[in-house]
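Each remark here refers to the structure printed beneath this line.
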């Protein structure tokens, strides 16, 4: 029973990682950049939900929609101002700019919302299900998060495989110049990717803070790094990989806490990550792209 | 939102008149910003009050607060900035790690230092010029264990602490020592880190399955609010015992205070206490900065008045050298007996530690009630 | 915009000897290196124009500038009298230009079939696309054989075929080819020139960069000779084929 | 000869860099002697040098080995903690100067050892996978140090990764590494002079390394690993050498840092991924593969928030904006073109421009 | 004893048998051609010879030593150097340095010597420069010693790649389509260069090429691959007149 409890705890944490990792992996897979500001867009999304829902008393759905719209716009704005000028520069330059954007969003939020923590009201009111005569409990947030993850994953995979913009994304991720030669608007495609990634960040923000109810300007940064780890774990660029990576990371983290040492849980999680990557150098579902010589 | 933005140069007296230059250091950006901002605001409040009343020994106070992002090196940089400004007395720094680094500097430069909230013994060890307003870690750990044992609050104790935080692990260590001495049984010791503070359910579950009927939680209220929420979610309801870091819990915006019902914490200060001093402090703070002041703020506020009292008793004027001020205050603060927001009859020994009785309070009906 | 489109349509309806592509005084620098020093030429509708020249003469640079992958320092590119110098590359493609780039640039992680479909990105009529696909497979049976292989694992020659096929998938009005015969076996070199000829016969205009000058000149209508960023010679392809200096410099005779 | 001229050009660059550092050192020293140096500036000199060293180390890894490391703060951390530990243990038994020298040797060697051990598995990976594994190592080091307790008493040294109690020390024993509370009371021996000398020496040695047979091999591996193999270069060996060297330099920076501050904790900001990323920012802003740039960028970006202290609450916001603008100014192809046109080009800029197509990540 | 002896070499990619039952013998000093239609498996053979792919079957002997499945770097040390169909230079380094990297294993000094610039560093570097320029001058590239390799035009990049391969002092040099992207005149120069390096450096050469002028002009023997199998093997003139070869590869 203990094991199952810990497993479920892991699942619920992992589902939050997974939903963030989906956004990471999407942007990485197509724009080939690590958007370190992703976690901070999540934070902004969560504040927006909080302000509209708890602050102005709007219905949950409305406030999430508002948050999605605002985050999408924010994502596109960031992309245009800070990333687009560096399209032809090395990926590393964009990575650094993303870090600058991350600082900017954090400090902006600090000025606007202040440093005091806010206790976030869960957007999910459903209590969840109880199994084994009350011994096991899966919270509503967990179930909804996992379902949302699955829906997003399937939708993204379908989108990328079957739509024109999705096709364009695949081409852009392979070779931008060649994509241009196919008549694909590379800038537009990358902007669209950011728009989708940022929209997902809004959803992730609402669900993250529903599971972990404290909101500060720095709420997004650590889960952001963890989700990045999860995305790599699952094979960065791979959409189902992000889901699996997120869930596994959450489960390993909780089992390590439960059975080995809660002090060294971070170290254990990272050690497992390293071992997995040594065995499978491109992550669990990552494509092995061996160069043809 | 809140923002203590009237720092530094605003207050420097440009007319060339002599002023007291008091500096402050703490995190106002970064993950610990809430603690630093509380301190900055509260000092500002006290300084404004004192200046309005004519200052200390007839001299106005200029106050300059510098950000250290809770980073020791940045704190030293902040300290040097203040030194260039001409700081005579330092009220800071907020966090222990930074404070230990800065104390070494102030000790070397002979500048008197009074920290509102850095509770580690490493802050005062070997630095005769540094004094604490808050309880020290050993003090809190010991008092907590004693209190739990004496009042039979629990027999099987679970501990969750922040192993990446000097304050939290410091209190835990001393608690564990004293618990051993008092024959308390610690059945589970769990921890988390700053990088891993999203989810406490596993730690809570472990304590639960170890049969802990009391949880000792020596960390800050931000994580505290999460622990309480998640304990409620898994249906675990032991006696919760926090230390002074838990103060502020009820001030978390939108927090469901019913979750905090029955939580014990050690605090010298309660924002909703009914005495006049607290009431006036809280209302002016809220008016000026918005948000409820926490214990950090209260300690910092007291600090300014303690300095005032000591300076007045020593009969100092701002034209004295830093060293003179420092020496005089070291001697004088040990004579002070101060009644403030955070304690009655506060006195200091030559190790720099405060003696004030930590008050255990219990949260009842969304407010603090003395646990005695 | 509408005017432009109208003009485009009008122009397209005319037939004989129409200037389809015009390059005026093109100058392109890479940092301090001047790769093109002000070249001008034109391509009429339906023609096959060969661009020949030694290594580093600037042939690739010319093609890349025309298709919008590079922006020139000065000069103009006109497509059907529309100034496309500053139009982004992807829009030029939808105006009917295709480019078989140097180095093939296939999408290595996509299959052969996906690569070909990507070539038809600007088109939407599914049946038409399927028809073109059949034609491409007819020209390059090897591609059909390998349609589910990842393009990155194809042999050099196979990739070259894929690059050609992919460009044709957009059903272009004008196609720029950068050394399409490179790396192909002799039998296939002949084949590829036949294919170019048939593309041309079908009414597509071709701008061809080739090292195999003999074969290129044989199927071209006219040709331009580039030397270190300048056009040094131009004229009827058959005349150039017999020109002594050309023979000596580019035909290896 | 052309080749010689080329060599001379980069040698010249090294010499001017050293010249600038020496001049700055003299200026600062004179200002200090005449009482014109602010305490803030005075206090910033050693940390700037320490972080410059780490940045140079990381640049060796990113710019020459071509691998992205997000864990260099971890090596700095190893250097800092091992040397601080050593200095504290032998505070009263070894005289200052030899102890300090030994501290440098031990800190650097330990960082190198960790670099070496980490490199063995890490170098099998590439790109972002390598980056995440280095990040993971950095985090593991930080996490372990945070739970590490080391004490010394009559019976010798005691270790624990649980808590102080488990050390089981005699009364009167001294706890040296106290978990999250870190190490306090390290002797403060780093001076600006020592820092400057170290920085110059490291710059010369890295320059020599890069222009040596091994350095060339490392760059060849970066540019094209398969080709490097076919000309007979032992890939793993050279990757190991470069990574270990890079870690050692970061460790050296750590030693310098640790002996400049009396309180050392391993937090996310000081020795965690945040710091690793910050150092990466220095490296990229200064120019990948450009050691002088690393030093300049470190100085500018480290000093900037300190100089912005007057902006109060807007300080970090302005800092982030400046960072973004600087990045665009230095890297955006469009802006580089504009700068070229309007004569805003330093020699370094054209060099970067030429390399713009190179993707290091 | 032949310099290179390959017997029953084979490799599969998934279901695809890219090379099968491949045999080859090359004598010291020969100039040998490997030709065949696109996708026949020529480059794959090179990749197996140089250890980039591990063959699933068969054996490779160089100078009597079994090198099957050895690491690429060790195979180079054993004496095989190559160029690539898609050029692989060290693009961010100068032309001179590219060749000096090729000389890496012929000139020794330790990492420490390099970092500390001990006297040996200077003497060895000087020798390396001299040797590298010597090799470059064979290709007329010595004037461009300073240029970044990636800024060279295509044809010169191909030559530099050959120069770099030669610098490793191989006994067998593999060239994968050295004339690709060259015009007939440049190809003619290349033919001369190849003949020259065979003489100057005493190497045996195995080359893949689709340019029949070059193949018939300089190759002494040929092997024709088709669908991964040997279609024809022998003297150049005989092979080129083999009707099977004409049908599969040359065309009329």
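Letters A, B, C, D and E mark the chains in the order given here, with residues in each chain numbered from 1 onward.
Here is the rule we use: a residue touches a chain if its C-beta (ideal position, glycine included) is under 8 Å from a C-beta of that chain, and two chains touch if they have at least 3 such contacts.
Keep in mind it's a predicted model, so treat the numbers as computed, not measured.
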Strictly by the touch rule at the top, which chains does subunit C share as contacts with subunit D?
A, E
From subunit B, count the fewest steps through touching chains until subunit C is reached.
2
Maximum distance between Cα centroids and subunit E occurs for chain B
Could you put a whole-Å number on the gap between the CA centroids of subunit A and subunit B?
36
Centre to centre, by mean C-alpha position, how many angstrom separate subunit A and subunit E?
48
Per the C-alpha means, the centres of subunit A and subunit C lie apart by a whole-Å value of 43
Numbers and ranges of subunit E residues touching at least 2 other chains:
43, 52, 84, 151
Quick one: which residues in subunit D touch 2 or more of the other chains?
139, 143, 146-147, 226, 313, 316, 354, 358
Which subunit B residues sit where two or more other chains touch them?
3, 28-31, 163, 191, 193-195
Which of the residues in subunit A come into contact with subunit B in the complex?
2, 5-6, 9-10, 12-13, 16, 50, 54, 107, 110-121, 137, 139, 211-214, 216-218, 222-223, 225, 253-254, 257-258, 262-263, 265-266
What does subunit A use to touch subunit C in their complex?
164, 167-168, 170-171, 173-175, 177-187, 287, 289, 291-292
Quick check: in the complex, which residue numbers of subunit E touch subunit D?
50-52, 71-74, 76-77, 81-82, 84, 88-94, 96-97, 100-102, 104-105, 107, 109, 111, 113-117, 121, 124-125, 128-129, 133, 143, 145-146, 148, 151, 164-165, 167-168
Subunit B residues within the subunit A interface of the complex
1-3, 28-31, 33-34, 37, 163, 190-199, 201-203, 205-206, 209, 221-223, 225-226, 229, 233-235, 251-256, 290-291
Give every residue of subunit B touching subunit D within the complex, in rising order.
3, 5, 7-9, 28-31, 66-67, 69-73, 76-81, 83-84, 96-98, 100-101, 104, 120, 122, 125-126, 162-166, 168-170, 172-173, 176-177, 180, 189, 191, 193-195
